[in-house]
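Have a look at these structures, which come just after this line.
Next, two complexes with subunit A in common: one pairs it with subunit B, the other with subunit C.
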Partner chain A sequence: MSKIFQIALGILAAIGGFVDIGDLVFNTEAGAKFGYELLWVVVVGVVGIIVYSEMCGRVAAVSKRPVFDAIRERLGFGVGFGALVSSQIVNLMTLAAEVGGMALVLQLLSALPYRPLIVVAVVGIAVVTWLAPFEWIERIFGYGGLCLLVFAVGVIKLHPDWGSVGHGFVPQMSASGHLVYAYFAVGLLGAAMTPYEVYFYSSGVVEESWTPKDLGLNRANVIIGYGLGGFLSFALMITAGALFLPQGIEPQFVGTVALGAQVPLGAIGLLLALLGIFFAVGGAAIDTCFSGAYNFAQFFGWEWGKYRRPSGAPRFTIAWIVLLALALVVIMSGIDPVMLTEYAVIFSVVALPLTYIPILLVANDRTYMGRYVNGRLANTFGLLYLVIIVVVALTAIPLMIVTNQGQG
Partner chain B sequence: MRSPTELDLGVGVLDHQLVDSEGRRCGNVDDLELKGIDEGFPRVVAILVGPPVWRGRGRLGRLAAAFARGQTVRVPWEEVETIDSAVRLKKTARELRLGRGDDRARRWVEWIPGS
Partner chain C sequence: MPLRASIWLALIVLAAAGCGGGTLSRKALQKQAESIQSLAAEGTLVAKGAAGDRTTDNFVSVHTDYLGEAARKIEKDLGSSPATGSLDAKRKEAERLAGMVADDLDRLHRTPGNRGLAAALRSSFAKEAEAAGKLSK
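Entry: the complex of A and B
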């Protein structure tokens, strides 16, 4: 049983990172536009995040150094500071969007007005993160997010054309709308490999004081956690392909995503979908909020960690509270949370190389890692994904502009 | 301190985490003070910590220093206990006047129940 609980870190990182509000909409939109044609991109993204999360977790377990320590050590103060500023802007955008997403789900559940519910969501996150220990935060949001499995049940009931679904796992270029297709491919990859997932995950490994003995647990966490995240992404995309594409529906609201479970499964499906979305998006809010505080603390050398009492790591504590307050201000301005995450995903893609290059360097440093340095498999995949990341980083913003955010 | 046969100061020390004798994180190695360069025998005499030091770390370092407050703290190299992935010190942060930002910030957090 304790083993099952220990997988919670991976599940929270994956549910919160993989299936956050942007992915919910990105995957659903991709399915509604291209049916099953983009399923293979999710596979590429899942393998990529598994490769780099495993590396980050291993580095953190062996050396006790999370990602932003490595970034500053390898890139130096100047470039590291650039990486810090850009990743914090993206973190804040994502956090604001997740908070907005929580309020939207609460609104669908309660029919109360949106803005007061934003305050409810922010206060709720603050109270839970203040009171609950790290492991309980993981469990509540990680396992709560599992309600999203309702989409997988829905898929079976929808009886999609399994032949075409299978065909979607084969890499292909779409016959129509090359650039829009490429934009969605880049967006799906970016959403799968969002840097805040590894900031959170590697810091979580230090929070839980894993040692080299836990490297098996690390591997199990990333494979099961992100594998599950990928599985849920498939379910969302197939649902959209089977349901929304034939009707010509363009899902741009959180409610439309939940509809994908209501049509095949009725009211229970809708309720489970909304609960799953709520926990996934709430988990992502905590991930991004903490990632922001971890990054500041690690870059500047402050004491940090939820395992310390708040007064034992005061600047870290103030950092997450301030970030949450800033997110409240941003989302209260009335900006659309779904649009905000799409921007955040695309901008985060640009910061990907600055995050993943230092990891690859540190994971190969014998003075740091001893006998736990990267093996040939990790390096082959690491380098392959580095090339993919650089290509994606260079093309993301031009594609966003040319395709008018995928609208064509 | 334990002396490794070879230590790359740029990769192995600069920008690394400082940890005091009680395991508290208390700043990063923002710069190193070298002596004896002119004589041809350069050696590290101190670790420098604090926002004013960032000014010597490129254009973005100067920018960061402009937004931060705090003084330079000089930690003599003799105070280094060991170097692994962090630089571990022989004394407490308080004795070395490190981590004072966290000490100052504590009163903003302390009054909240459960802190």
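Entry: the complex of A and C
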């Protein structure tokens, strides 16, 4: 049983990264537009995040240094500060969107007004973050998010054309709408490799006091956690391809995503889907809230960590409280959470090289890593993905503009 | 051109664009018709769930409210963007359809637990989706 609990960190990081409020709608939109043709992109994204999260976890376990420490040291203060500012803007956008997403789900469950539910969501996150130990936060939100597996059950009941589904795992270009297809491919890759996942994951490794003895656990966490995140993305995309594409439905709302479980499985499917979305989005909110506070603390050299009492890391505690308060202000302004997080994904793509290049450098540095330095396989994949990341970073914003955010 | 004049020109262009006074292009009308078709098709699924007691009243009420708002926005946008020639007749038809979809969604939003109404609205949505689909061709 304890072994199962030990992979909660990877599951929470992955669920937060793969099925947050924007990804839920983005994956569903991708399936509704292109059927199963973009499934292979999720596979590319999953392998990429596994490669880099394994490196981050290894670096953190061996050197006790999480990602932002490495960014500041390897890129210097100026560029490091640029990375800090850009990542914090994206963190705040994402956190605000997730808080809005939690309120939307609560509204779909209760039919209460949206704005008061935003306050309920923020207070709920603050209370859980203040009171619950790190391990319990991981378990509540990581395992709660597993209710999303209802979409996998729904897929079976929808009887998709499995031959076409299988064909979707083969890299291909769409027969029509090349630019929109490319926009969705870039967005899916960006969402899979979004930087806050590795900030959160590597800091979590330090929070949990992993040592080189835990490198097997690190590998299990990233493979199972991100593999599961990818599996949930597949389920959402296949659901949309089987259910929404034939009827010409263009998903724009969280409710449409939940409808994908309601149609094949009825009210139980709907409730499980909404619960899963609530925990996944709540997990993403906590991922981003902590990531923001971790980044500030690690960049400026403050005491940090959830394992400390708030008085033991006061500036870290103030940082996450301020981020949560700012997110409340942003989402209360009336901005659409789904649109906000889609912008956040695309903007985060631009910052990907600033996050992943320092990780690759530190993971190759024998001074830090000793005998745990990157092997040939990790470097081959690391370099390959670095090329992909740079291409994706250069094309993300032009594609967003040219395709009118995927609307064509 | 002096900087101040350029800024004024840019502001005038932006203001004109923001007034919504431009004429509707064929492609824009097609997009709007596709959106109406999408909302009506989604209304069909929600109404089917409500008619078969396979969903929750809260979900039906809240989700149809969001869908209805989107349909009403399309109706308003189409009403404020005239088109020329034969395209204008299509625009008016699309505007009428968007209004019908919004009205039906509003009825479902107000009485989500009425299974008989949901069954009737299901076929109404299906017809609206089909009509919007033809319009988008």
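The working rule: the second predicted complex is superposed on the first by the 408 of 408 C-alpha atoms of A that agree within 3 Å, B and C clash if a C-alpha of one lies under 4 Å from a C-alpha of the other, contacts with A are read in each partner's own complex, and residues count from 1 in each chain.
The rule is simple: a contact is a pair of C-beta atoms (placed from the backbone, for glycine too) under 8 Å apart; a residue touches a chain by one contact, two chains touch by 3 or more.
Please read all numbers here as calculations on a predicted model, not as lab measurements.
With the two structures aligned on subunit A, subunit B fits next to subunit C without clashing. Of the two partner chains, neither subunit B nor subunit C is touched by A:P398.
Within the superposed three-chain model, A:Q407 lies in touch with subunit C and out of touch with subunit B [touch as defined at top]. Touch criterion not met for A:G370: it reaches neither subunit B nor subunit C. Of the two partner chains placed by superposition, A:P116 touches none, neither subunit B nor subunit C.
In the superposed three-chain model, the partner touching more residues of subunit A is B, compared with the other of subunit B and subunit C.
Touch criterion met: A:G248 reaches subunit C, while subunit B stays clear of it. Of the two partner chains placed around the shared chain by superposition, subunit C is the only one that A:G266 touches, whereas subunit B remains out of contact. Vectors from the Cα centre of subunit A to those of subunit B and subunit C enclose 130° in the overlay, to the nearest 10. In the superposition on chain A, A:G80 makes contact with subunit B only, while subunit C stays out of contact range. In the superposition on chain A, A:Q107 makes contact with subunit C only, not with subunit B. Of the two partner chains placed around the shared chain by superposition, neither subunit B nor subunit C is touched by A:G166. With chain A used as the common frame, subunit B approaches subunit C to a shortest CA-CA distance of 28 Å.
Shared contact residues of subunit A, touching subunit B in one structure and subunit C in the other, are absent. The touching residues of subunit A, when paired with subunit B in their complex, are 63-65, 69, 72-74, 76-82, 130-131, 297-304, 309-311, 313-315, 317-318, 365, 367-368. Touching subunit C in their complex are the following residues of subunit A: 107-111, 247-250, 252-253, 255-256, 258-259, 262-263, 266-267, 270-271, 274, 407-408. Touching subunit A in their complex are the following residues of subunit C: 31, 34-35, 37-38, 41-42, 44-46, 48-49, 53-59, 61-63, 66-67, 70, 129, 133.
Within the complex formed with subunit A, the residues of subunit B that make contact are 11-12, 14-18, 24-28, 30, 49, 54, 57-61, 63-64, 84-86, 99, 101-102, 105-106, 108-110, 112, 114-115.
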